[in-house]
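In what follows, a structure is listed as structure tokens, so that the remarks can point back to it.
Naming follows writing order (A, B, C and D), and every chain is counted from residue 1.
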Amino acid sequence: MPKESLDDLRYELALASRILAHEGVLDAFGHVSLRHPADPGRYFLPRSRSPELVEPADVLEYTLDSEPVKAPAERQFAERVIHGCIYEARPDVMAVCHHHAAAVMPFAIAGVPIVPVFHLGAAGGEDMPFWDQRDEFGDTNLLVVKPEEGRSLAQALGSHPAVLMNRHGATVVGRDIREMVSRAIFMCQNTQYQLQAHLLGKVVPLSSGETKLAGTINSMPTVTGRTWEYWTMRLDRAGMLPKGRVGSRKPPKPVARPVKAKRKRS
Amino acid sequence: MPKESLDDLRYELALASRILAHEGVLDAFGHVSLRHPADPGRYFLPRSRSPELVEPADVLEYTLDSEPVKAPAERQFAERVIHGCIYEARPDVMAVCHHHAAAVMPFAIAGVPIVPVFHLGAAGGEDMPFWDQRDEFGDTNLLVVKPEEGRSLAQALGSHPAVLMNRHGATVVGRDIREMVSRAIFMCQNTQYQLQAHLLGKVVPLSSGETKLAGTINSMPTVTGRTWEYWTMRLDRAGMLPKGRVGSRKPPKPVARPVKAKRKRS
Amino acid sequence: MPKESLDDLRYELALASRILAHEGVLDAFGHVSLRHPADPGRYFLPRSRSPELVEPADVLEYTLDSEPVKAPAERQFAERVIHGCIYEARPDVMAVCHHHAAAVMPFAIAGVPIVPVFHLGAAGGEDMPFWDQRDEFGDTNLLVVKPEEGRSLAQALGSHPAVLMNRHGATVVGRDIREMVSRAIFMCQNTQYQLQAHLLGKVVPLSSGETKLAGTINSMPTVTGRTWEYWTMRLDRAGMLPKGRVGSRKPPKPVARPVKAKRKRS
Amino acid sequence: MPKESLDDLRYELALASRILAHEGVLDAFGHVSLRHPADPGRYFLPRSRSPELVEPADVLEYTLDSEPVKAPAERQFAERVIHGCIYEARPDVMAVCHHHAAAVMPFAIAGVPIVPVFHLGAAGGEDMPFWDQRDEFGDTNLLVVKPEEGRSLAQALGSHPAVLMNRHGATVVGRDIREMVSRAIFMCQNTQYQLQAHLLGKVVPLSSGETKLAGTINSMPTVTGRTWEYWTMRLDRAGMLPKGRVGSRKPPKPVARPVKAKRKRS
């Protein structure tokens, strides 16, 4: 795989981290990873740093047992097993985000299931599983750091697009980075609307059929390309775009130049 | 109709799209259209693009069956039948906005009627109809793309200023672009206040008489002109005004130069 | 009274309008007035314009029957009788603000009394009266435009610091502009906290004694001077200060130069 | 202790004040102090000023009975006994913040206990005490200004990380400034999530063991260093960093140069 494509991928990963921070999914914490497009046994994850600050040069490469390919000088994310274990268990997944978004926390605390309540919320699927670290591991500091904790979480995720983690947050996956980013953002909107509909007295979710049909249309590149342009422009307007590709200062046009991996799949 | 007037109209449409995005009615999705002021059988709608990014040059012209007058190179909005079918059914309507504003979503999900709870909320009328796509079309992806879906929605709208779309959003109309923009923004405020009054224990709506009287005063050009100045200045301060008219970079003064159509009516 | 002092006063009034807009009390609508410091039979009110846009040059002078001293070229506020009638009825009042702040609307709609729930909320007094225009005037467009409507509102206000207007908004008064601005802003915070405490299950208000003591301390110039500095700096940071005094571009230092009237009273 | 270290400390204190203001813990009111790292009988507190405006040059030095070491020309905080009395009672405490954050007010008003509902909320401890000034002192203006009021509050705080003050606010402490800042910010997030989980119907707190384990990990320098970088960058992006050290304009790099005191402890 040409070096230039990997540079694009590092830029794309920094961009996704910053978009998710700017749109309120990530804050000081949370992390985003991408599977290596040419080597399914590896993935990319930034060094330990708030996602809004991630630069392409911060991106490290890992094997699926979450060991760095090259020993880094920088601090690494303690919870990187979340990513490794999910890539191990889910060959279809190309992008993962673990977060503590304010919008989903009330559901993760109350243990109330999130259901799709509007067409864009269908991206989260019909029923979203819960994973309570306490069930299997007793009292912990709630961080997912041991391989067995990562595997347990991946098992709870199953074939779903996301899993809620009690008293902790959520983990969202996608078949490409744009699908995952869209899913994470619309899942947050969905929970806000669900909470308020609940306060109005009645939550009427999408039917199974609607969830399937709306979920399909909303993960199509025509839709995720449009939201990607929108969120990128918002980030740009806020002066928060990542620096250009490693070794360069000029950012690639994100919409016009998807990374190689995506081109192959589409 | 002189080309210059159409340029003004394209600018006005881009401006309205951006105002509605900046004030929280539109986000990555949603769209705004204007009926052709000289040809009631045509309307203007931007190409498929997030409304905050729309430029005058993005505006396309359509016949009422939602076919483009000139085949465009760009992607078109899939839901443009919403606009065509409403212009067909409602000769009084000159502007349409379809949106998924966060403020109205809880009501669209809970199926709770929106009632006017403050004088500016009267712009939404006394009782706002619901349209549930599922009733007539069964399981869909919830997008309104077929002519029969558009016609069904227009029928539910009837002679009302707005219609709520279950698990999807809302569509708002107006006799001119400023009335429609005001209506859409104040409808969002109205629902936020209604939800919170509900949480306090009691929602006391305007009487029929108050709704009629307040609705009338608030759609007068003296009022919609003042809000238009306010929202335009806010957009300007955020650095988000559209580029100037097509073929020019200098934006027309939006308040001082209403489009021809409005001049005729006032 | 020297012309320079009136220029300062016009600047102060524009500044107060913009502070209240920037802090979320005013939006496209609402207005702020000041009694003439040397002539209690007159007051100052801007021309009809969104308060965030008011400049010193927009400020007009009125008699207490709300007639302009000099016939203005510009549009005037339709609701100016609110100000005239309150200055007529309340010789102690030097500043008035009428608003539809999002924070108070749920209470104005539900008819739930606002009670002081934290020390800064004591500025609103122990019990705040309601005024329902419908009671005396039947169905109206809810605007307060007739002298008898203004007088009725002033009567409901009585000797209180503020009055809630059902399905419309609120009107707040003060013995000087800074006291009134502080009161309006903290009243909004108070209602937000009261609503959320209600959702938690229990609203425990300040006692009568606490309300009196906290209300007294919080209207002292040492406190209102500090908040004035804070809100002015926030406005400045947002690039939203009014232009300098009429005929000049250099804004007076707001904290260091209170208008003459206040100097006399302190 | 070298003068340069105290300059760093003054800068750090101004930075913490501004971070807490920018992240929504402080507003026009509230204050932050630091114990003197070389002299446990003294502490540093800014002059009376909104925390978002504090500069290093505003920082004054106090003895534990809250008397200024040098009589200042500027106004002092009336509530400084909060700081002096807590430093007196709690030798382990190196930093104190008193605030009226919007997020905690509903709990301070309703008297509902705050419980840790997510891992980062564990920083507030398992059960947070209440202090009602009325209990011991009857009707007051709710300001904590007398030494006996300060001592009573410190007693209620006991060995806890924070104390809620009924109808007033909260006071948070830490073993260093970064721990205290993290604790204050995450305590606000915790209450917001707790309120919303309550609205969803069920609040499931962390177990005792989880609270202890998560509380420990989240006060480690690796975690508080990361959040400090994040909040500092956000402040910087907003153009709100304090001016450089006293006598200089160049701000020290906050992450790279912790004050001496912290170096010693780590």
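As a convention for this text, a contact is a pair of C-beta atoms (placed from the backbone, for glycine too) under 8 Å apart; a residue touches a chain by one contact, two chains touch by 3 or more.
Keep in mind that what you see is a predicted model, and the values were worked out from it rather than measured.
Interface residue usage between chain A and chain B, two copies of one sequence, is largely distinct: under half of the residue numbers at the contact are used by both copies.
Chain centres here are Cα means. That of chain B falls 33 Å from that of chain C.
Look at where the CA atoms of chain A average out and do the same for chain C: the two points lie 47 Å apart. Contact of a single residue of chain D with at least two other chains is seen at positions 199. Chain-to-chain contact here is organised cyclically: the chains close a single ring, every chain touching exactly two others. Within the complex formed with chain C, the chain D residues making contact are 27-29, 48-50, 52-53, 75, 100, 102, 105-112, 134, 138-143, 166-169, 195, 198-199, 239-240. For chain D in complex with chain A, the touching residues are 117-120, 189, 192-194, 196-197, 199-210, 213-214, 216-218, 222, 226-227, 229-231, 233-234, 237.
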